[in-house]
Structure formats: structure tokens, C-alpha cells
Amino acid sequence: MRIEIRFAGFGGQGIIKSGIMTAMAACIYGGKHAVQTQSYGPESRGGACKSEVVISYSEIDFPKITEPDILVLMSQHAYNEYAEDVKKGGTIILDPDMIPNEKKLEGVKIFRVPATRIAEELGRTIVANVVMLGALTAITGVVDKEALKEAIKANVPKGTEELNLKAFERGYEYGKKLVEG
Amino acid sequence: MAGAFEHPFAVYLRAAMIPHIWCSGCGNGVILNAFIHALDELRMDLDKFVVVSGIGCIGRTAGYTNVDSFHTTHGRAIPFATGVKLAKPELEVVVISGDGDLFAIGGNHFIHAARRNIGIKVICANNFNYGMTGGQVGPTTPLEALTTTTPYGNVEHPFNLVHLATASGATYVARWTTLHVRMLTMSIKKLLQRKGFSFIEVVSPCPEIYGRRNNMRTGLEMMEWFRKASVIANFSDPAKAEITPEKIVVGEFVDIEKPTYEQLLYGKIAKIVKKE
Amino acid sequence: MGGDKAVLTGVHFMSGDIACAEGAIAAGCRFFAGYPITPATEIAEHMAARMPEVGGIYIQMEDEIASIAAVIGASYAGLKAMTATSGPGFSLMQENIGLAVMTEAPCVIVDVMRGGPSTGQPTLPGQQDVMQVKWGSHGDYEIIALAPSSVQEMFDFTVEAFNLAETYRVPTFVMADEIVAHMWERVVIPPPENIRIVNRKKPSVSRDDYMPFMPDDDLVPPMACFGEGYRFHATGLTHDERGYPRTQDSEVQTRLVQRLCDKIRKNADKIVRVEEVMLDDADVVVVAYGIVARSALSAVRRAREQGVKAGLLRLITLWPFPGKHVAKAAEKAKAIIVPEMNCGQIVREVERAAKTTPAYHVPKLGENPHTPMEIFAAIRRHG
Amino acid sequence: MVANFLRAPMNEKKVLKLKAEIHILKDQCKGCGFCIHYCPKKVLEESDEINARGVHPPRVVDEKNCILCSFCTAVCPDFAIFVRGKQCMDGC
Amino acid sequence: MGGDKAVLTGVHFMSGDIACAEGAIAAGCRFFAGYPITPATEIAEHMAARMPEVGGIYIQMEDEIASIAAVIGASYAGLKAMTATSGPGFSLMQENIGLAVMTEAPCVIVDVMRGGPSTGQPTLPGQQDVMQVKWGSHGDYEIIALAPSSVQEMFDFTVEAFNLAETYRVPTFVMADEIVAHMWERVVIPPPENIRIVNRKKPSVSRDDYMPFMPDDDLVPPMACFGEGYRFHATGLTHDERGYPRTQDSEVQTRLVQRLCDKIRKNADKIVRVEEVMLDDADVVVVAYGIVARSALSAVRRAREQGVKAGLLRLITLWPFPGKHVAKAAEKAKAIIVPEMNCGQIVREVERAAKTTPAYHVPKLGENPHTPMEIFAAIRRHG
Amino acid sequence: MAGAFEHPFAVYLRAAMIPHIWCSGCGNGVILNAFIHALDELRMDLDKFVVVSGIGCIGRTAGYTNVDSFHTTHGRAIPFATGVKLAKPELEVVVISGDGDLFAIGGNHFIHAARRNIGIKVICANNFNYGMTGGQVGPTTPLEALTTTTPYGNVEHPFNLVHLATASGATYVARWTTLHVRMLTMSIKKLLQRKGFSFIEVVSPCPEIYGRRNNMRTGLEMMEWFRKASVIANFSDPAKAEITPEKIVVGEFVDIEKPTYEQLLYGKIAKIVKKE
Amino acid sequence: MVANFLRAPMNEKKVLKLKAEIHILKDQCKGCGFCIHYCPKKVLEESDEINARGVHPPRVVDEKNCILCSFCTAVCPDFAIFVRGKQCMDGC
Amino acid sequence: MRIEIRFAGFGGQGIIKSGIMTAMAACIYGGKHAVQTQSYGPESRGGACKSEVVISYSEIDFPKITEPDILVLMSQHAYNEYAEDVKKGGTIILDPDMIPNEKKLEGVKIFRVPATRIAEELGRTIVANVVMLGALTAITGVVDKEALKEAIKANVPKGTEELNLKAFERGYEYGKKLVEG
């Protein structure tokens, strides 16, 4: 089993951290093999940015993604660039507020999580990525919920653990609802 | 090319390269704006105008200005510009680059070009750190400031760039902040009209990378610091032109005449060629 | 000083750059001088945070030239020292890498390769400096260069690089790439007692008898350090065994430069490391290193699944070049495939060693290494 | 000169006045707030709208207060705002 | 400007360094930026005296990095430009040699090789930078390098270097050595009309249509210069045909870097030059270049006198490497002898090309090149 | 090793390297003499003393002094010394090198070490040109002077080194000529006793290479110029410390206290290590 | 201190005087003339002798005039001359 | 025919120029092939220094000297280093004032020319090398007298031609006398 996940958005949205936390959860707290790689441009903020995670039961040779099973998209640009890359039958989770223009995609499961809005409600837009992680966990089960919570605690700035866990839960609930319809 | 957007300065910009890569609230755009403003007011001949930058956030400037332009390796804008200026002295050659580019890796070229009084013009965006690489300590970072490579506070004394430029021999030396857009534009106009090696330091907000770590999370907060701390002290002693949390001394510090390298050199050449 | 904090024994999830920094600290590195550059900056940043915790020195110099010079200075003052950079900075260091070679200053230099030439593609990977590391400085010399393929190896090979540097008094290189450096993976840091650490040989003679460049049988001279009372001299000029300049003497030059080369060449069998996978009966041999070796392994496995007798020769030391291993593998093989993230570099050494067995280069530039399929296709094509 | 940054002609006695035309290139704006904050007449404010870059560009509160100082134009890092003086009769 | 004084037509007795400077001036060089270093200093000194006479610019910069940067600047401003240095300075130039490659700035760089590594033996010769010239900068690239054997060739090859630089928009190297540079010999400078001069292609399109990095069929883009009204941009970053940075695009990187390599590789047959002496029936082939080729010629003659079928393949272009010529010579030969003033550099390329024909390296360091007898002995040994 | 010749300073020298390579009348020997004199008077612990030089005639100094010593590449003495000093702050680290080495190719390292206030000591032999390579123009060559690369007269304005050092942040700055051997020795003693980055420029005759081309054929003639032209002006304005044919301003210019880089750095380290 | 550059103890009342002992290491000398020229008491002059380096080293004209200022020692670039004060009774 | 000449002494004696003038005389004014090479140390003045000339009727491949036919020696150090290198039957011309200690040499013709003393008499020690060139010409005939005079004129500083030619003649006469016994 090899699962490929791509997170994409723009610099400043915590895209890269999302990948790291997911991979770490799968690996350190989940006992699987996992690797995270990334790609970003010259802009310090606002540039296109992506983070790729491969999770597997066996050792991972090729660490990059060829055909993502899951896409987590947080900007229009990311959507335009990557939405069509997803594997047949794969999953796209996106923030509809950041992606006003969707095109028609066939054979793909699409979940719309207004992560930025939820994060704003929590008082810090910056945790939108963690909201997304919650939704990702609920929707795909690709990583264990508790494992991801551990990974979040290990990766966010001291003092913001609670806020982040709350964001995660909010995302998780939102995702749950979407799956359960 | 112009008209891709409708700002009156659009013709001075390479539309395909805009929007620029700079963060929200970054001072680099303000500097570019002031620079173009000065070009515009002076009606410079853009066919005889060269912008050279090194590597860094502000180093992208060369790519944005719609004149002959070159984006050198890190730190080498000045010697490249020297080659251009000496080869074609009729060109106006302006270097726009960062404090790291011009004064860390490129410091030697700066002091030597100033010493020789090569007629190139240098505008430095001083944002107190290396923006492009994510915010490391640089030669202008204040003592005790936090950066990604000074997580326990900076132990390096920063340069006083106007003092250094003066001691190296620059014939025009000024410092402004990005809040002083009017004075800055006026100063850039002077810089472009001087013959000799001329230098303007622009204290500039880098909110995303520097500000964030030092309690100024937005460009506005950094601009407010500039507003509160700035003291205009024209032609005061460059040695005393400090930049501290409480005080940023700005103004013009040097404005003198001295024969340029290319004047002296082409003078010799003229004599020798004639002698033959 | 800082013993407990020095080796972070345990299981971690880390980026390659951080693992590299931790490897250095575990190996005993207590001096880092550098200049930020993508994609090596995080090594410096991590060192800046960690060095003070272990009583070590982090200094950010004004450029890469100053960084390598300071590293050599610290090495001569007795510390294990390192710097980390990428292509543009690596090019700037070349002159003083030659100084480190000539004065036999043990030190470690990490080059996290990005897309070149020139400023190129700062945030994308490359394997384009693998010839430069051997030939980038003027004059004849030999160095040691290792190519990690994983975050774990960023840790392990950095430790190893220090050991080799100290053993042979030679600048030793970790030739990483942007992917390996920025990638996050699991890293296991062993307890200190399980990490092999080598320290430079010290002189066993008195000050009056000490000759700083008089080699032992292994061609490596014991090394006194500044402040230890030996009052010795070192110079980048051609020098005799006392370290005194001998700029007109052909014999001294021959003896010195030949020894500097020979201490690596003649110890090459001890230094060289490769990983051999299914080579015994391989018709098609893939020679790969660094991040590409992972794709290559995948491709070789797939080929075997499909009945193609493919094997992998992974180069762990790029330099000294494992020519013997290539020659051996080439003997039985019909073809050699050399996928590299460049326009053809190590393939030239492979060709040299492989003699009549044809070597096919598979170039790749930009963001991604070869996919396993791309290498598999090449195996198919030439197998 | 391409641009036309005229200061308001305070001392002209006669007839014409300059009316400000404030142009905001919304999608160019990165939302730094410089123009809003440093407008001497508080002519601008943050809008509710979210633009292509995910920020709230400025909007004009009251164009009439504008004294055509062009500070907003000069301080904008993104060439997203500029002001033109349009001649018109007093009171137009 | 200075037309009459530019070409000193006539018979002269000159040193190699002076001949090199005169060659540059005859080729149209009107900009020299440098930093003094033995044994290349006399080129700078002669340029300092001569440039003003022909209306050209001499500037001594603060170091070699500045020198090459200024040369690139002057080249972009439209002048033929050059610098001259030796090993230590050459190493420092490497980063910006990469910039010249990436921005396709025609320029000439003279490396007068002295004994290395590091400061080494400043007044003695070497051939130790011949791999560095190919591999010294990070990233993939190709350059052109010529190896003069006489003072006359210091003149001729410098002219040729400018022509090649202008033809291919590539930094071109004259790889001299201390002997050739300091040696005095007869030089014949032809009348201007007998000296072939090539100037860079200029764009034939308007400003709006001009794409500064859009190649013609020969893979070389026409070159506008600063101040000519094209208002174009150039960068050391990976760029598209307009010269705009494209740092995230793998395709642009592949297209650009591959073209930079291919414009030399695919034109190699036009660029490569060798001298072949008695190769037709040669059992033993001596491959040599630079000053050593003279000893080799002597040795080959002596061998023939003694009935040994020896021949000489002299490499005039070191890069692109004349691999085809070596391969052809190797086909019929039993052995190849490669005498070099280093510990084994070009011999590696020879081995690569010669496949199964064994290549024997004859190293030599210090003051003197191999004597003809030493090479003759090697011919005997392996013949 | 000592006793190979019987001068009382012989123990400070490496007998096998003497005679030195310097010309008759060269000031380098005078500087070495004054340096050893200062060492001797201060009874420095020679086992804890490092001399670092770059490349050039004066650069051979490291080889002559019988302490731990290193002869770096051209221009890199200061960053090498920085590495030594930070790694072992208990060592006294002195850089002795030329004006070309320290201020042409090495200029950037100088200004940065001064800025950081690294506790190394720098003595510069200013002989107005590059001696070792045969007399080319350098950053201290006077306007119009003749050198092998300024056959028509120099068009480059020279540095004022004491001004540059001051502007860069040096805490002790002095200039003497080789005729002022007493003051020079006293000054070197001070330099060795200061904690911070300290700098002495020694104006020094290079008769064979520089003097010869500029109407001073012997060391004596150059010393006579120094004698006639020198004006001692202690603690006068460094900006006015000129060197002209008529006037050589010498003296001490700066002598201040400021925390050194290594004090600040080791201070931080001590706090962090303790915290654990 | 290894060296022993004592100034003449002017203010000692008693007995002893310092007699100068000028040591010239002839073959070390490169003949720059600094010691001769700058000796305040003109104690030295150029000799006729040609040394190993092909120059005329200094010789002592009159040791008695030496005031032990050691300027010659300090200014010699080649460590070729040094002066020692030898204690002796007045008049020796 | 290949004749190898080595000039040796120390920096400042004009050793290198001697070689250049000799080679130039043979080549430009003498119609033969000639090449001059050199070797010197780090010292600007006073260091060991040598200058080698090869003269031949045919093209010269190897430009260095293996066994000199003629040695012109102007310092004790040069004598110690090189005197024994000379070819059997070869010629040594030396300045006896600069070389107080000679050893016994067999099968070599030795000519002692007090060039430095003669130059001093002419008022400029610096022309000692040209005195030696005069003696060399007279003793060996290896270059044509007039050719060497041309080479001297082309190589000495403007204004010193006469002095140098006088020095040459004095050396020539001295050499002549030595040969003629």
C-alpha cells in the first residue's frame, strides 16, 4: 500500500507544515513509513507552494508523488494546477472560499471544507491548515486521529497547542459530517 | 507591454513580471515606486539606462524595471555595473540591491567603487536581515535582534552604512525610510543627477520575515516605528547617524564634487590617443 | 561540554538539513561558520540554535569565502568544524578548499545541490556539482565525497564525513541535494556509545622534534593544534615536512602533492563504499547515487519482477570513485544505465571504468528525480 | 512625464478646481494598508471585499476630501492605487 | 579607435604574456579587468600600457571576482572583454564564470597555470587546472578551452579564443602555463587584414520582437547590448527566452541548460582542433598539449629515428575534448602515453575515449616539463 | 632553533627561514622588529600566540615568527584568524599582512571583523602597492603615482585606512611610519593589550618596487619622506588623516571599549548551557 | 625578557656606568643604511667590506659616543645590529 | 646544432634580461631559432635567479636546458648550484669577485671576467650583465656581435644605450684578451 497526498496553496498558509505533520503522524505515531517533500517559489509569502506526503507499509524508495490519491487544495492557483492530477477515484479536499472557480471533474470525490472561515471564527486564520488536517483525518482516515494530534502538538509553536487542537477538532467534525452526509 | 495594467507607471515596468514577488507591506515596492517616480520626473532616456541588481528579494528589481537590466550573482552587482559604466560611460547605471547583497557578500565591491568614485549610483534596501533566504542575521541587524540564525539574540554590532559609505569616499550619501517617500524621491533625483559614486540607504520594512520575529508583525507597524523614531538631520556627522529602536537618523549626509574614475581615465586615454 | 545535549538519541522525524546538523554535532563538531543559501540554510539555522547548547560556536560570516577560511582556522585551533552551502557558495569556496587540502585541515563541507548553473533554480534539486567537488579548485588534489539518499543518511554520512576528515586530514564533502535536504523522514539517532567517532592523530613527539607535515606510514601526518605549544607553521605554499615554504624546489612539490593525492588514492579501498543490489547476475547495471538511487532501486525491483536481470550499484562515496566496483559489475553486464540529475557527469567516470561495456546516461533536470518508470524504461531499452 | 501628480493649486484664484479621481487596481493590492493609514485626509478605508490575493483592498470613503497629495500613490508598494486630478468648475 | 596601434604587424621577440595581450588587442579586445597574480601579471601590465593607446579600458579591480564580473558587464555593454589570472584567482572566478555561461556573455579568460594546489609554487609551471576549467563552477555547462604551446600560439590562440567566444556566446579559455607565459620567442603578427575576426551576431528584429535568449539554428541567440534600445533583461536564474526568471519550471530548466551544453557539444566538430604527427601507422601514441607537447614532439621524432612507430596527437582544444581523435588514434595503437604536468587529469578523458587501449600517464611536477628523454623512455617502455 | 644567529630576538624567529626574503631598505623588517620588540617587552606567552598572514611580501611574516602561525591564501588572514579566535578565545591572534591583502582582495573581511569587534589584532604594512607581484597599483596607491599597471599615472583615489577602520567599528586605530619605531612599538603593545578589534597601519618603504618608480630609489629616501612629511595628531579626526607627498598624519585615532564578539557570544553560550 | 635594551640609567648616583657594546652581524646586513643614517650620535658608518650579500655593512666609528638609545637595533629590518649595555666603572 | 646557455646570479643583476637579449640577438638579428626561459624565487631582489637560452638552426621543441654548453655565473650561490651541470668540454664564464670560492672542475673551460668591477668603473654596477654579454660574445662567438648590440639597444631603458654599449665593448675586449691568452 502506498498512499500519495499533496497539499497545495500559497506561502503563509502552513502548507508545508501540514505535510510534515501528516507524515510524522503516520510514521512516528502511526508506525508506517512516511516521507514528506516540498516545493516552493522565490516568494516569502503568497507564492505557489506544495507539500507532498507518501505513506506506505513498506520502505519508500521514490519519495515524490506521481499520481496523488488525495489532494488538499487551499488556493485557486493550486486548484488550477493540480486538480486534474488526482488518481481516478481519488479524493480532493478544498477550501471553497479560496477556490471560487471549480471546474467539472469526473470520478473524483470532492469535499469542500471552509477551513479559512472556520479558522477565522477561531480567531486566527493561520490555523486553517490544521482545520484541513482535521477534515482530512475524518474524511480519509489516512492517518490515525490521535497520531495526528500528537504530531500537531509536536510541531506548533509553544502556547498555541490548545488553539490548534481545537482547530483540528473543528475540522474533524466538519469532515465527519461531510462523509456521513 | 504597458497597459497590461493601467497604472501610470506601467510603462516603466515589465508587465509579464508583475505582480512582484514581494510580501504585503514590504518596503521594496515603495522603493521601486519612488525610483520610477524619480525617473519619470527627470524624463530619463530609458534607452540609455541600466538597472543592475544582485540576489535577494529587492534584487528582483532589475527584472521589474523596463530598461536594460541585469540580475547578477549575489553580491556582484557593483563590479558588473562598473564594467558597464566604464565600457559605455554615456549610460546611466543604477544598482538597486539589498543590505546583505551590497554589504555582506558584496561589501568589498561597495567600498572600492566608492573609493574609486566610479560614477554609478547605488540604492540599498536595508531591511535589517536577509529576506530572500528566510530571515538570517545580516550586517545591519541590530544587536540582540531575533533572526533565524540568532535565536538567542544577535551579538554582532551592525554597520552604520552612511558612515561606511562616507569613509569609503562616496560623493553623495543619504538615508531615508520608506515612509519618507517624498524625500526619498527627491533624493533619488539628486542621486541620478550627480556625476560621482552616490549612495542612498533606504530603511525598509520586512514585516513577514524580520518584523514578525521582532514584535512588528505588519508593514504598518514597521512604518510606525520609522515614523516615531526618525529624526531628519541633514549634513550631520555620519559617525553619529545611528539606527536604534528609539532613533533613526535620516537625511542627506554628503554631497560633494570629486573627479570620477571615468573622467580621470578617459582624460588619460584622450591624451594618449592624441599623442600618437 | 554539552555532552548530554549533543547526541539526541531516539527516533525522530526530521528534515535532511536538520539531520545533517545533528549528525555533525553527534560527530563532535563544535564550530560552524556559514552563509545562508537555499537549500542549505536550515543546516545553518539549526546549528545556530543547537551550537550554544553544546558549548559550540556558530558564526555567520560575511560570505562563503570567509566561512571556509574560518572553518580552517577553527580546525587548526583544534575543533571539529564544518560549513554548509549550495552551488554558488560552493564555487566561491573553491580556492580555500584548496588551502584546506594543502594544509591538511580536517573539515566537513556540505553542498546541498540545487539546479544550476549560476543562480539557476534555487529551490529545486540537482546533482550537478559532483564533478566540481573533485575538480573545482586549481591544482592536483584528492578529496572524499559522500552522497546520502535519505534523511537517515544525512545523519549517518555526516558523522562518517567527520571521521574520514579526521582520519585522512582532508576536507570531506557531503553531497546532498535539495530533495534529501528538505525531505522529512524518520531518523534513528543511536546512543552515543554506538556512534563511532574518530579523532585526528596527535603528535607523540616533543615540540623540537615535531614536523607538522611528516607523514606516518598511512601517509597522514599527526596534527598538533594551535595553542598546544608546538609553535609550528603552516602555509598554502608548497612546503617541506616542517611546513616551511619551498617554492622553487621541484622535488618537494612532487613529494608533497603526490602524497596529498596518494593518501586518498592508496587508501581508496578503505574509503570507498557502495551498495550492491542484485548485481551477481545482472545484465543491466544501474549506477546511481543520492536521491536518484531510490528511484533506481525501485526500477531495478520492477525489472526483476518482469524478468529482466537488472542490478543496482549505488555509489556511496562518489570520490574516491568506486572504479573497481564499476569495472567488476561492467564485466558481466551488457549495459550500464546511469541516471543522474545533470547533463552527464558521473557517467564519464563510469565509462572510464566500464571500458567497452556501454554506459547510457539518463539525464534529468528540474523539480523531480527520475521516476522509477523512467529508469525502468531505460533498463528495458538497453537491457 | 507620464504621471501627473499635481498638488492642489491652493493659490489659484480663478475658476477651476481639481477634482480627485482615485483609481484603485483592486486585484493588484496586497492589503498592506499604507494608503489607508497615511492618507492625511482619511479618504480611504479597508473594504470588505476579498480580492484575488485574498486581502481587502482599500475603498474610497469620500473622494471630495482628497487633496490630491498623492501620498497614497507614492507609498503603495504594489502600484495598486493612483490619483488623477480632473479639472472641473467649482462645485461640480 | 586606435586602429593603427591595435595590430603591431611585424616580427617580434616577445614573452608569451605579452603576445597574449597583443593577440587580445588584435582580436578587438577593448576592455581588460584583472587582478595581479604571478605568472599572469605581465598580461595585465601590458594591457595597462596598451589599452589607452587603442582607446580601450584597463581597470585593476579589487579581486578576481570583481574582475570577471566587470568583464561580463563590459561584454554586455558591447565590448570584447577579457581577464587573465592564475590558479588561485581562477578558483575565485568560478562562480561568475557560471554567470557568464548562464547569461551567454562572450568573454575570454586566460589562466596561466602555476604549481598548485593552493598558493603552491607561484613562479613554477603546471597543467593542473585543465579539469577545473571544465568543472570548476557548479551546475552543468560546457566551455571552450585552448592550450598554446608557444609564444606565437599565445598570440594566435588568444585571437581564436575571442572568435570562439563571440561565435558561441560562451566564456572561452586560454589555458597557458608559466613556461609558455614567461618564455621569450619569435612572434609574427600578421597585417590586420590577415587576421580573422568574428563579432557576435546582432539581433535583426525590433525591440518588441527581440527575445534575448531565443536561439538561432546554431543554438546561439543574437546578442543586443546595453544602450542599444532593446531594454532587455538578463539573469543568472533559470530564464525563458525573454530572459525572465523561471525558477520553478522544470521544462524551462531542461531546455535552457541542455541548449547551453548542446551549443558546444553539437558544434564540437567545428570547434575541436588537434595537431596530428605521424599518427597514421603509430603503435604508440603520445597525447600531449601545451608546453609538454613540444617535448613530446621531440620524443616522438627520436623514437621514429630509433625505429619505434610513435606518433603525436597534440590537443589544441582541451574542451570540447577531442575524444573522436583519440578514439581513432587508439584504434590502431598498442599504447597511449599521456605526459602531463599534473598527477593525472586529461589522461582520464583519454582513457574514456581510448576504451581498451591502455593509457599510461607520465606525471611531472615542479620547474621543468618532461624532457624529451623522459617521454621517449615511456614510449620505449610501453611501445 | 635559536642561536643560529646571535641577535637577542633570535628566539622569536625561525632560524631556518632567516634571512627573510625582503629587499634592502624594505620596511617589513622594521615592522617585524617592532612587533617582536613589543612581544618581548610584554613577555607574551608564546605558546598561546598565533600569527596569521595573507599573501604578499609582508605576508611572509607568519613564517618568520616562532609561534603558531599560518600563511593563508591571499586576503583571507582575517576570517582564518576569526575561526581561530572564536574556537580558542584564550589565544592571542594577530594578523600581520599587506595593504593589498587586507584592503584589496581582503577588504570585506576587514570591515566585517571590525564591525563585529572580533578580538583579533591587525597590523597592516602599507607600502602603497603590491610588492610581491612586482608593483601594481593598489587601494592605497596615491593619485597619479606610477606603478606597473598605472604607467600613465594612477586615476584611483586611495583609501584612508584609519577612517575606514574607524567607520567599520575598530576599537583601537593608529597609524605610524616605519621611522616611528618607538611609537610603533608602544602602539603594538597597546594593540596587544586591548580586548577588541584593533588596527595599526604602518606606512612602510618599498624602495625596490614602489620607490624606484616614484623618485625614491632607496629605503632611506622613503624614510626621509616620512620624516619630513609626518605630523603626529593623536585623536584627531580620522576623516582628515591624509597621506600626501607633503603630509602624513600619524598617531592614535581611536581607543575605545566595546564588548567583543566573543565576549557577547560566550556570554550567551554560558547562559544557555547553564539553563539546561 | 630575552632582550636587554636598557636605557642608560641617568639618575643612578653610584659607581657604575653602562658601556655600549655594539654587535654587528655583518652577513645579515642588507645595507639599507637606516642604522647609520638615524643614529643620533653618528656612531656608525658604512664599511668598505663587501659581505655575503654583496653590500657594505656598517662599522663602528666610536663606540664611546653611543648613548645606548638602541634606535639602530630597533630600526634594522634585518636583525643585523644590536647594542648591549655592559656595566663598568666610570672611565673604563 | 643546439646550444644551451644558462645565466645565473641573483635578482637585480639583470640575469633575465641577459638571456632575453642573447636569445633575441640570435633570433631576430641572427636569423636562428632561439628561446629564453627563466626561473626566479619569491624575492623581489637578491633571490636566486636564472635565465636559460637555447639557440638552434632548426625549430626548438624542448625549450629548457638539460646540459648547458655555456654557463654565465654571477653569484656564489649560482656557482654552487650549477657549475657542475655544464657539459663536458663546455664553457663557464664567471665573475670572480662575486664567486670567491671556486671548486676544482675538470674538462671545462673557465673564463673569469670581473664584470661587476668593470661596471663599477663605468659608474653603474647595474651594467655588469652587459659586460658579461660582451665577454660571452668574444669568448664563445655564440651570437653575432652586431646582433647582440642591436638586441641591447632594443632592450635597455631609453637614454642608457651608450653606457650599455660601452659596457658591452669593455666586456668584449676583456673576453677577447682572455681567449687570445
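Worth a mention:
In order of appearance the chains are A, B, C, D, E, F, G and H, and numbering begins at 1 in each one.
Everything below uses one rule, namely that a residue touches a chain if its C-beta (ideal position, glycine included) is under 8 Å from a C-beta of that chain, and two chains touch if they have at least 3 such contacts.
Source: prediction; values computed, not measured.
Think of each touching pair as a link: the shortest run of links from chain A to chain G has 3 of them. For the interfaces E-F and E-H, the C-beta contact count is higher for E-H. With centres set at the average Cα position, the gap from chain A to chain F is 60 Å. Put simply, the C-alpha centre of chain B and that of chain C have 39 angstrom between them.
Distance between chain centres (mean CA atoms), chain B to chain D: 27 Å.
Among the residues of chain G, those in touch with two or more other chains are 30, 53. Multi-chain contact residues of chain H, defined as those touching 2 or more other chains: 39, 41-42, 46.
The set of chain B residues touching two or more other chains comprises 22-24, 55, 60, 71, 73, 104-105, 107-108, 112, 134, 139, 152, 265, 268, 272. Pairs of chains meeting the touch criterion: A-B, A-C, A-D, A-E, B-C, B-D, B-E, B-F, C-E, C-F, C-H, E-F, E-H, F-G, F-H, G-H.
Considering their complex, residues 65, 86-88, 90-92, 94-95, 98-99, 101-103, 113, 115-124, 126, 128-129, 131-132, 134-141, 235-238, 247-251, 253-254, 257-258, 260-261, 342-345, 348-349, 351-352, 355-356, 363, 365-368 of chain C touch chain E.
Contact residues on chain F toward chain E in their complex (touch as defined above): 55, 71, 73-75, 104-105, 107, 130, 133-134, 136-137, 139, 148-152.
Listed in rising order, the residues of chain B touching chain D in the complex are 5-13, 18-20, 22-30, 32-34, 37, 40-41, 43, 178-179, 181-182, 185, 218-220, 223.
Remark: chain A residues 39, 41-42, 48 touch chain E in the complex.
Contact residues on chain D toward chain A in their complex (touch as defined above): 30, 50, 52-54.
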